[in-house]
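Next up, some structures in structure tokens.
Heads up, the next two complexes both have chain A, just with different partners, chain B and then chain C.
Let's look at the complex of A and B:
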């Protein structure tokens, strides 16, 4: 902390200024700590949601792959592939943002992911109902994947913000506030020293005058 | 905005059946990397769905992208392939959480 002490001039004005800065830093520290705790609480909630979202999406993907295999067995892999290529639409998603305590997180909105059989675009005569099952399962899976995307992204953003806030709390607590306080002590010490010097000098002068 | 997929051929069929037209199949990590780069530049793409095993191959690219991304677009999400989930799936989130909170909290 020597560097902090060297740069300051030991005057009363400086002392007052320092006291104000310490006050401010402490208040900021308290606020950041509160923000950090709130963020952590929020993060815990989102993490619960994330676990569920992952399980859901993974279960549905697994089911969908099973149906796909079944469809390939009944129709042949090539036919399935052809049907899949015909099954085009460009699903529109809306990517919006919201704020959780100043953290930007996404909200994803889609129209209906699930379609009716006739809306899927492949011919119904050449294809088996197994394919419809597979498509239905994949639509369901896609729905939960989109949900997962949103929740996971939210969890990541929150975790990053917690880390950043924690870093700032720590730097205030362990570096900035101690530095200011030691500077304040230094000034106090110097001022006392000056006072003693003045006092002593006055005594000397008094004695000399007598 | 649209959804795009970077997956193996089987998953691509599945995504197409679900109505994702831009389900691209990739053969190797170089292809995946190139595709990923072009997709993140495309303003049209809101979500990139990527197979876990492919994501593992270009993990450094994904990590760097997430570090540098401003805003939320595009959201990247990893999904399992036909073989099933990989054990590392939760690693990215877990790492972030460990750094943020300091302890393991995920099951």
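Let's look at the complex of A and C:
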């Protein structure tokens, strides 16, 4: 730090420039701190949401697989597979972006994931009501998984930005601002020293003249 | 590039996510894909359910006066974690959501827990803005 300060020319102009740089760095530090705090608060909320989304997705998947097993017991695995092949679908997913404090995060909107029994594509006479229950539960699970994908990606993006902002705040707080302040102190010290030297020189000249 | 230039660049892009122009609620309600263009040229999408929630909350005659997203202005001068909402309709809406009544002259000051509560309810229809009197 001292060597950086010593490389600076100790002039009043340089001192003014440094004062401006310190002002800019301090304001930048304040703003980035605000950004970091807001991002951390957002991240905590998103993590809560993520926890709920994970639990919900696991619960629904568990329920769906239980219903699937019940359907397989009732109808036989082959019949269930045949019905599943008949019930293919195209789900429209609208993927867009939104911003949280400058961080781009995904926003996923889908059409109606849940279908009526008649819209599923398999015959109602050959299949059991257990299959309808399983299909209904899997559709609900799919909804949760889509929600989970959105929240998980949001949490990842926010965490990355928090890390980056934290690094910037720390570098300003622990390196840049102290370096600038140390340089400022050095110039002030050198200027005072020069003033004292001049004063002493003038005194000597005055004495010599008398 | 030295530290100062880097910092200046950082501060310049802090608010790039803000919309170039805020859009009326009445307009957004008509859109199939409600969104605004940001200063950086990207898009910010609104959730339809949030728009519907606001539409129910705000009297119909004010739908054209409420411009979205509502800006949560973080101003270090107000103190850390404190923000400000500007605009009469915006203040009324936020006050109604949070159950507070302390706006004055079209401004409402919010504290950290209130900001979090507001953000939880309006994730896409509010945006943070960092305000500073910086000549960068």
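Heads up, the rule we're going with is that the second predicted complex is superposed on the first by the 204 of 210 C-alpha atoms of A that agree within 3 Å, B and C clash if a C-alpha of one lies under 4 Å from a C-alpha of the other, contacts with A are read in each partner's own complex, and residues count from 1 in each chain.
To be clear about the criterion, a residue touches a chain if its C-beta (ideal position, glycine included) is under 8 Å from a C-beta of that chain, and two chains touch if they have at least 3 such contacts.
Quick caveat: nothing in here was measured; it's all calculated off a predicted structure.
K.L.:
Thinking of the overlay built on chain A, is A:47 touched by chain B (first), by chain C (second), by both, or by neither?
P.N.:
First partner only.
K.L.:
Looking at the overlay, does A:101 come into contact with chain B only (first), chain C only (second), both, or neither?
P.N.:
second
K.L.:
More residues of chain A are touched by which partner: chain B or chain C?
P.N.:
Counting residues of chain A touched by each partner, the higher count goes to B.
K.L.:
Quick check on the superposed pair: does A:176 touch chain B, chain C, both, or neither? Answer first, second, both or neither.
P.N.:
The second partner, chain C, only.
K.L.:
What is the contact status of A:21 with respect to chain B (first) and chain C (second): first, second, both, or neither?
P.N.:
Second partner only, chain C.
K.L.:
Return first, second, both or neither, reflecting whether A:34 touches chain B, chain C, both chains, or no partner chain.
P.N.:
The second partner, chain C, only.
K.L.:
Kindly classify A:139 by the partners it touches after superposition: chain B alone (first), chain C alone (second), both, or neither?
P.N.:
first
K.L.:
With the two complexes superposed on chain A, say which partner A:186 touches: chain B (first), chain C (second), both, or neither.
P.N.:
After superposition on chain A, A:186 lies in contact with neither partner.
K.L.:
What is the shared patch of chain A, the residues that chain B and chain C both contact?
P.N.:
Residues 94, 97, 104 of chain A touch both chain B and chain C.
K.L.:
Residues of chain A touching chain B in their complex?
P.N.:
40, 43-44, 47, 50-51, 54, 57-58, 61-62, 64-65, 68, 80-81, 83-85, 87-95, 97, 104-106, 108, 113, 115, 120, 131, 134-135, 138-139, 141-142, 145-146, 148-150, 152-153, 155-160, 162-163, 166
K.L.:
Enumerate the contact residues on chain C facing chain A in the complex.
P.N.:
3-4, 7-8, 10-11, 13-17, 33, 35, 38, 42-48, 74, 76, 80-81, 112, 115-116, 119-120, 123-124, 127-128, 130, 132, 134, 136
K.L.:
Can you tell me which positions in chain A touch chain C when the two form their complex?
P.N.:
It is residues 21, 24-25, 27-28, 30-35, 37-38, 41-42, 45, 94, 96-104, 107, 109, 168, 172, 176 of chain A that touch chain C.
K.L.:
What residues of chain B sit close enough to touch chain A in their complex?
P.N.:
Listed in rising order, the residues of chain B that touch chain A are 1-3, 10, 12-22, 46-47, 49, 66, 71-77, 79-80, 82, 84-85, 89-90, 92-93, 96-97, 99-101, 105-107.
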